[in-house]
Amino acid sequence: MRQENIKVNNVVRATETTLPRENYVSSEIFELEHRNIFSKQWTYAGHISQIPKIGDYFLHSYAGESLIIVRESADTIRAHYNVCRHRGSQLTKSDSGTVKSFVCPYHQWSFALNGALRRAPMMPDKDCIDYEKLSLHPAAVEVWAGLIFVNLDPAPAESLLELVGPPSECVQKLQPENMKEIVRDLLRVQANWKTLLENYLECYHCAGSHPELGIAFDIQSSYGQTADWGGSCFIGGEPLRKGFRTVSMTGELVSKPLGLFAEEKELPAEVTDGMGLLPVLTRVIFHLDHAIIHTMNPISEREVEWTTRWYVRSDAVEGVDYNPDTVAEVWRATNAEDKELCERNYRGVLSRRFISGPLNPIAEGAVRPALNLIEKLLTY
Amino acid sequence: MRQENIKVNNVVRATETTLPRENYVSSEIFELEHRNIFSKQWTYAGHISQIPKIGDYFLHSYAGESLIIVRESADTIRAHYNVCRHRGSQLTKSDSGTVKSFVCPYHQWSFALNGALRRAPMMPDKDCIDYEKLSLHPAAVEVWAGLIFVNLDPAPAESLLELVGPPSECVQKLQPENMKEIVRDLLRVQANWKTLLENYLECYHCAGSHPELGIAFDIQSSYGQTADWGGSCFIGGEPLRKGFRTVSMTGELVSKPLGLFAEEKELPAEVTDGMGLLPVLTRVIFHLDHAIIHTMNPISEREVEWTTRWYVRSDAVEGVDYNPDTVAEVWRATNAEDKELCERNYRGVLSRRFISGPLNPIAEGAVRPALNLIEKLLTY
Amino acid sequence: MRQENIKVNNVVRATETTLPRENYVSSEIFELEHRNIFSKQWTYAGHISQIPKIGDYFLHSYAGESLIIVRESADTIRAHYNVCRHRGSQLTKSDSGTVKSFVCPYHQWSFALNGALRRAPMMPDKDCIDYEKLSLHPAAVEVWAGLIFVNLDPAPAESLLELVGPPSECVQKLQPENMKEIVRDLLRVQANWKTLLENYLECYHCAGSHPELGIAFDIQSSYGQTADWGGSCFIGGEPLRKGFRTVSMTGELVSKPLGLFAEEKELPAEVTDGMGLLPVLTRVIFHLDHAIIHTMNPISEREVEWTTRWYVRSDAVEGVDYNPDTVAEVWRATNAEDKELCERNYRGVLSRRFISGPLNPIAEGAVRPALNLIEKLLTY
């Protein structure tokens, strides 16, 4: 499938392209992607700080599904499909809250925090229905360094830990479990999700379109770095510009140091670590003082939701230790620029004349491997 | 097709469910329903008081079709498809009015009240076209106790009278032909029409969601009553709560007694009568002082219009004999609650994980027979 | 295919109709029309006065495609698909402007005015990509009397000049190349494009619906005239009412005479000339003092955009020689009326009961030949 770039007389010939137009505009292919990709991949859902107490829950929307993420016990978090096993009603009126059990607002069937059906009112007899067979449909859930990941498939081929491995020493020192979310931006992008993915996977466009990112990041070295990405997971952060301690317009910290770094006498010149999941992108980036998590949620073949969350340490105080708009400044601007680029790109892809041209072997090296992964998953 | 509830060791096992997900989300099945159900069933269109004089007409929208309901003579009401036989233009600019003939606003072809083509301007010769073959397409229309019913099929398998039978003695005494419409509420419900139907056919959800209905109606006895429903027609009203004379928040009358009841010295404790048509629901409910008519109009597999009309006796005077908001109070609140329940239910049905669970044998007894009817009609 | 009107005992029998309902409501047929008709036909795009200088360009939207119309040299105008040959992004941020080359806003690939790829930044080597194979996709473009026409097919079966022939002596004297656009009205009509086409091709509806047109035009003689139309091109203007010098509410000129007519001592009683292209209508009408150009742009099987542009001589001065609202008055009113007629017609066509009736052999003579052309093109 993949056309590898080949060398003729020692010259790299750019022969790789993105996908045929059909892949970006067909609702049938989107449906196939739902079955083979969206329904089987690990993606980020939220942070443990959202549900500290037993019975705390929040709703998570992904690929047309609504999941209830709930703390069952100090050690256990569950993900249930938000679908009553009686007639299918969504189970909650609020997007988050604290419950003892989930009581369906329609006919008051109630489900324990672990999803077991507890009570179906007015049944003539306790043997009338098989309670054991009527638990809420589960999704898989795993917590990695305080970050909650879900998989629509209740029995994924691979656990998240197998896929990503344990957090690095640096990540452990940052103590991501002791962070809190301070800003969340949602953008509805009128483009195929793969158009947005391609955009994220290359920084060929950065110099021309991302002045803010250009201030904070070392764009040149990012070309080499993204070239290493591949497979359904990658490890590492985004390289900062020389002299920058964190991603900000000045390079100065925008909040208190995370985790154990707060106790160090001398702060390191730069902290950048993280991980990414593909092909539906989850991108976690840690810096010394805050973390950024990007996620995408495919809505249809023509629309994708791009969400960015910003985190600082739990005990940081707004207005004293950080200003949310300052923390979000660089990526918020970058996201808005990317939305415009992707939508303009997608309008072109909608042309019946569109055929993808050659990818730049240097600056777009991470694009084709991800598309290869998608093609492979679709032909399973 | 139907899984009847079976008894094991004298215990009723709830084995009936609603339909497979496909039936609620597929546009192909909706199209099939249009052909086999919507196009062949009797539904309520309006009241004779809307068109008392010859030439009076009103438009009626149902299942994507626009019908002209017109009084041709003292004895005859007609239903014509609102489609000019020349190039297909809709024939009227207003939703109701009084005409001598229908003159198409496009090329002024004119049609008599009975649908016959009268004049096609500028034709070179009177024999140029076959006037006899160019009458408006007819729909079937029947009047039952002053209520106008239509059937998109001009030659229905069964007449409405054959289906429903003549009005009961009680209904006759109420003189529905001497009512007038005082309020009409239209709700666009973002759900499949069958989701709304299922909602109406059971009161399992009433205790938890309908405080107003619970005040006026005897919900407990409604379980047994709806269990009798079945087939494409049912007879009877909705049982009121003990001590309630009519459906109102206090139980007191909200308008003057209907028909001959106004002349009685002593009013009966309760009047509740009516009829219903299935599977696309028309529900007529008579009480001592007013009548309620619910109808549904399927828009697409994802949307249905729910209309409720309230009627009082013709000579009742607004502000003196009745207040429209008081008459409408109980069902207006109930409708709003049901819209929310159905839309939440339907969002769950849209989940690819949805499978219908067991229906409550006691409280949801009328649901499955109606779904059986639908399945039977679809496989005709 | 075509049912010709036949004579029985010397009486013309109206046996021609419009098309089966499917042709107006099916997205599959619309897609086929895109391939066989929209993608191969000449249509009007704009006037040379919009791009007088080298590098001047404007965007033109048609049938879902965006074209860049650009002046490459004094003698050459080009039409390029607005799709970068790298990843497909649209190439311009503005709808019109002046450029030295087109620099894609995404990755700064740059294209010469003639569409040749000039530069792809950061490629490892100049031989890395085949610049010659990465020119912008061309569309065909021809200028006829200063009017710019395009064809989505870069190699049309027939040139515009072969199709239309050279401008008549009268048109040459009017010097259309020395006009300027003073008003442009866009209407989104909720109807199939053929419903709008049928509307334009007959004046059977004019007496009943177009009071303004009836003042300015000789409607009676238009029946005979449109009967001559046929094929994919027709020549001629629209006949004015006796005593009218131009199309206006008074019959008086609404701007200075066009072209060489301005130098004549005595103005002719009436000037009416022009041309039309079918089946997707371009209609150019010249009068003594201004020109009108109608175009249609099919959006979907249920929507079409109708654009009318008005032109006066280049050196006419607004407020002195002409008032834009006066110039546009008759057709602006007529367009609004036609939009309403077509949308009402289309709502009727959407009825599952719609079947087209007989066309008037006198007054709708031009409708069926155009539909025959469409049927022929679809079965190619």
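A, B and C label the chains in the order they appear, each numbered from 1.
Basically, a residue touches a chain if its C-beta (ideal position, glycine included) is under 8 Å from a C-beta of that chain, and two chains touch if they have at least 3 such contacts.
Computed from a predicted structure; not experimentally measured.
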| item | value |
| --- | --- |
| Angle of the C-alpha superposing rotation, subunit A to subunit B, to the nearest 5 degrees | 120 |
| Copy pair subunit B, subunit C: interface residue numbering same or different (half cut) | different |
| Chain centre separation in whole Å, for subunit C relative to subunit B (CA means) | 48 |
| Where subunit C touches two or more other chains at once, by residue number | none |
| For the subunit C and subunit A complex, residues of the former touching the latter | 34, 39, 64-66, 81-91, 93, 105-108, 120, 122-125, 127-129, 134, 137 |
| For the subunit B and subunit A complex, residues of the former touching the latter | 8, 11-14, 18, 198, 204-205, 208-209, 341, 344-345, 347-354, 356-363 |
